Amino acid sequence: MDGLAHQIVAGIATGGIYASVALAIVMIYQATHHVNFAQGEMATLSTFIAWSMIQAGMPYWVAFFGTIVVSFAIGVVVERILIRPVANAPVLTMVGVFIGLLLIIGNATGWIFGYTTKVFPSPFASDRPLFGGLVSAHELGSTLVTLAVLTLVWAFFRFTRLGLAMRAAAYNPRSARLVGIRVGWMLALGWGMAAAIGAVAGMMVAPVVFLDPTMMLGILLYAFAGALMGGIDNPAGAVLGGFSVGVLENLAGAYVVGTELKLTVALAIIIGVLVVRPSGLFGRVVLSRV
Amino acid sequence: MTTSRRILLAGSAALLAAPRLVRAEESPGVTATELRIGTTYALSGPASAYSLIPKCVTAMVKRLNEEGGIAGRKINFLVYDDAYSPPRTLEQTRRLVEQDKVAFLFNNLGTPTNSAIHRYVNQRKVPHLFLATGADKWAEPKQYPWTIGWQPSYRTEAQIYAKHILEQKPEAKIGLLYQNDDFGKDYVNGVKDVLGPRFDAMVKTASHEATDATVDSQLVSLQAAGCDALVCGIIPRFASQAIRRVFDLNWKPMMFMSNVSVSGSVVIEPAGKEKAIGLITSDYRKDQSDPSWADDPGMKEWRDFMARYIPDGELGDNNYTYAYGVGLTLFQVLRQCGNDFSRGNVMKQATSLQPMALPTLLPGIMVSTSPDNYRPIRHMQLQRWDGRGWVRFGKVIEGAEV
Amino acid sequence: MPTLLEVKGLKAGYGPTHVLHGLDFRVDEGGVTALLGANGAGKTTTLRAICGMVRTEGAIDFLGQTLQGRATEDIVRRGIAHVPDGRGTFMELTVEENFRLGAYTRRDREIQADFDRLCGWFPRLKQRWRQQAGTLSGGEQQMLAIARALLLRPKLLLLDEPSFGLAPLIVQEIFGIMRRIRAEAGVGILLVEQNANLALELADLAYLLETGSIVMSGIAAEIRQDEAIRRSYLGY
Amino acid sequence: MSASKGLNPEAAIGPIAAPVATPAWQRGLYLLIGLCLAIAPLFLLESFHLFQLTMAVIMALAVLGLNIVCGYNGQISLGHGAFFAVGAYATAILMSHFDWSFWATLPVSAVVCGIIGYGIGFPALRLAGHYLALTTFSLAVAVPQILKHKSIEDWTGGVQGLFLVKPDPPAGLPLSPDQWMYVVTLIVAGVCFLLAWNLIRSRIGRALIATRDNPTAAEAMGMNIASLKTRAFAVSAMITGIAGSLSAVAIEFVAPDSFSIFVSITLFVGMVVGGVASILGSLFGGLFVLFVPNIAEAISKAAPGVIYGVILILFLFLLPGGFAGLIRSIGHRLRSRS
């Protein structure tokens, strides 16, 4: 049973990675009601930007916050240039643009920074592993960072005027305009914030999985599963979902289906949740009477 | 110039044979002034980290052409992108063979990709030389006489580890961590070769996917199974993770790492130099980050070449040392061809290389081939990480004898 | 009473087709103007045109300034609140959040006071304060939509068929509230309604639309008295 | 739009007008021209280009499959590479393990893909728009992993893949294997295109389009939307699966690495660039996905993917109807001028 406990702890540690990316996905969904396929690539690009800053000699935290600012700007620019023009187009067009974005950002990152694996530093001391070596100080630290981001995001949406306006703009843009909300800017803001959160996720993930342009492809899928499990419009649920997927993946891999099908576990969770309980395990069910 | 002298000496026996004078125009890809050679590589996409290899070979070809080329001919080295997709490899290979009419193919990248063209090139009788893959299947001269590998296969490497474990810890419980693809599976096969029927009782396997975030879960399983030896057939990214995690878990197995993932600067340093102490691998190349090769003439030759031809190249990347070795092997074949670059003769010379040392290979490791030996490099030496560098121990081991 | 909204030669439509063919009408400050007409006459489009939600030609002047070519958000920020067809409440958000959104553009300190005042007007909303708007009944949603619009502290309120789909009793209640708005808030109202009788009772001015043109206009009370008009145009 | 005030007539018509009947002689003429265009390369091209063209036709067929469910029926799929893979493996397994002839494997491959497509069509019913895209995207990412799973390794050859051999030209026909492969591909693809053409122009085809453009109205007209959508998925999977079968024999090799997520993305790009909801567009799409990587490689050796993405977005922005839309609008302009 010792093995089981270890698997669970290790799963939580990996789950922290998924949770941070899931949070970014939920963020963009809350703000824009889009599921951004290029989220992983954008986060990876941000992490490379941070890496370049650190390579150039900047202290870690300067690079950290600098990257957040730059990523925010990138998110806003992407929304303005690529998403805005097709805002009223069919979903197919939108999905097409996301795929195009994925191709462009993913390949451009590889082109600029190369595909060799790079080391990304952690701000947390790594000499004393915890829980019998199952969790590194970095994993604990990054989980705390994720929870801090979650708290910030939650407070922002729950208590601030801007947060409420962003949710309103996403739910019902026409009505949002009628209360004077500048919907276009809310969407751009949402993209910016999602990109910034993605950057944080990338910077927390990279010290563990090492930095390369394809770092996020697998993670993104688990993160999607986590986000859906928690309810795609529920940040806290997404974080919880991310951790759950980490644990589930380990348990299923170690005891049920074998490690060759871990990705398929994520696929099964995605399909299962969407079909059986589309609002997620922790999501609110939206009732509407017409 | 040291290069050519070294190779001249090594290949003197072949040079003594009188060149058969065949009109060059009769062979595809060969004119009076040009020799055309092609390859396919992943120049784009995830596997394009390896694109440094053709980049290096192209630079070597440039140097060779500046020095006068081969038998009065300039070499034209064509590199096409297959994005590591087998169907694309076939398309690009057919383009090279049928449209560009290359004399032969050299150092194509990847196992699935080369598998897709394996039969095509053999049907067409196009030499398919020194592939950039460590799979075991390229040494079948009877069925596929036109295809030949270069580096020792992963399977051979795994055999060496398994044998070493049996010598040191006959009652070991072996954990085998491998990536679930052709590369990783070869480690399973190699260990199986040595252990035979004892495999199931002695070995606990755990695979991971290239898309996985971490290999923590697998390591936890293997540790929980009571393994006291660990063989890892994994790529650098996961290697660093595994070294670090095994240390953190306070698990002290006899740990073996695929020589794909033992670069001091790429793998060991990220994991922590002290955390890797005791790690064992077997290699045929010199690790350029190892200070003991600082004054080695072979590595100096390589560094001079890099400084002149690829000044912006990342010297810590061992793709460059690999490329330098395989490139020199090609040039030796071309020199042995004399003036006859017909496909038949190219293949004949490629499969009759007298034992030859190369500047970027470990001392004592020779490249040699014969018509029934399609494994140019069969030797490796075990080495152990001592906290600062790799320390070789034991004698040079010939994989095929294991 | 001074003029609040003056519309001249308003043309509007979707794509290449015109739905409105040159309308002239006005709303006075604190007054109620009713737009009457059958389904498809262009009433909803007229309201949308004022709010900048469709492409328009002609003059739309609000407090002496043109609204032509402005974005919806800007028009709203000038003091025009629109309760559109389908109500435009935020179904997924709570009643409280809908209230907060209503006051989104305001920065004054009286927002809380307005919340209390409107809760007094709509006690049912107070009861459902933390419930999702989507769970409210149709009447409650209509009340929420009106409350949400009033929280903007508009000078002009555009109402698109507030009685649509509601039970007669609820309709009575809502019209009662509109009388109150008129009396207490001093807000000008442009009311689109199919229930001509109710609308004329409330309105000062009335315009009758038919296929995108005004076929008749006048003082509401007079039209209400005129049996001929009622018979031929309003059908009751 | 408010549902309470009736339907918006524009939305009901949709971006693509209902097909207009063409006179029979004209259709015959088009068919004849098409046939000549299709057969000519057999005699004009050397074998490498013929091989490329064969692959282009195969990709076109796969794009056609995607177009049926995605273009005509509006169910977004980013996972059609999965059906392509299943078709390829069905043929490869039957040919290499059981020595079936290529022709005999085709119906099996079609049926297997049809069943799997039908199966996937069910959860798809409950997923719309982004969610369906996301789910199928996940499927495509997971495909290589499933293909090499050890429980089916004896059949699939695991990571090593399977080898098979092109069908030989029938004795007496003076054709090389490459030429014969082209003919085989033409025949199979031609039949599929004709069937698809007829399907789209039939009552079912109109129902598919109606379901895409206005499900409420379609349901009100008595169409069984669930059954239409799942069947569309099945037919679509069948066609893409047959394309997979053809690709297996044309390449003579299948391996998990041949069916990465990029196959699915490629098909999607092919559909958008060729023309969404256009039979002819699928053909352009096939040509595009085969030849553009080469062009992209020529523009930028380092990042053809960037060029690919840029082309995709440019098409979405400037030519949402794809090549087919471009040709259609040129045709309209010419006709209205004369």
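Order of writing sets the labels: A, B, C and D. Residues in every chain begin at 1.
Convention: a contact is a pair of C-beta atoms (placed from the backbone, for glycine too) under 8 Å apart; a residue touches a chain by one contact, two chains touch by 3 or more.
This structure is a prediction, so every number in the text was calculated from the model and none was measured.
Among the remaining chains, B is positioned farthest from subunit C, on the basis of C-alpha centroids.
Every chain gets a centre from its CA atoms, and the centre nearest the mean of all protein CA atoms is that of A. A comparison of the A-C and A-D interfaces places the larger number of contacting C-beta pairs at A-D. Note: centroid distance subunit C to subunit D, computed from Cα atoms, is 51 Å.
Chain geometry summary: the mean Cα position of subunit A and that of subunit C are 42 Å apart.
Note: centroid distance subunit A to subunit D, computed from Cα atoms, is 32 Å. Taking the mean of the C-alpha atoms as each chain's centre, subunit B and subunit C sit 77 Å apart. For subunit A, residues touching at least two other chains, in rising order: 107, 110, 217-218, 221, 258, 260, 263, 290.
Of all residues in subunit D, those touching 2 or more other chains are 3-4, 141, 145, 148, 302-305, listed in ascending order. Among the residues of subunit B, those touching two or more other chains are numbered 44-45, 180, 209, 211. Remark: subunit D residues 3-4, 70, 74, 76, 78, 123, 126-131, 133-135, 137-139, 141-142, 145-146, 148-150, 261, 265, 268-269, 272, 276, 300, 302-306, 308-310, 312-313, 316-317, 320 touch subunit A in the complex.
Residue ranges on subunit B touching subunit A, taken from their complex, read 44-49, 180, 206-214, 216-218, 220-221, 223-224, 236-237, 240-241, 244-245, 247-251, 266, 269-270, 272, 314, 317. Residues of subunit A that touch subunit B in their complex: 2-3, 6-7, 10-11, 13-14, 17-18, 107, 110, 114-117, 119, 126, 129, 132-134, 136, 205, 208-210, 212-214, 217-219, 221-222, 249-250, 253-254, 258-260, 262-263. Subunit A meets subunit C in the complex at residues 161, 164-165, 167-168, 171-172, 174-183, 284, 286-290. Across the complex, subunit D meets subunit B through its residues 46-49, 51-52, 55, 141, 145, 148, 158-161, 163, 247, 251-253, 255-258, 260, 262, 293, 297, 301-305.
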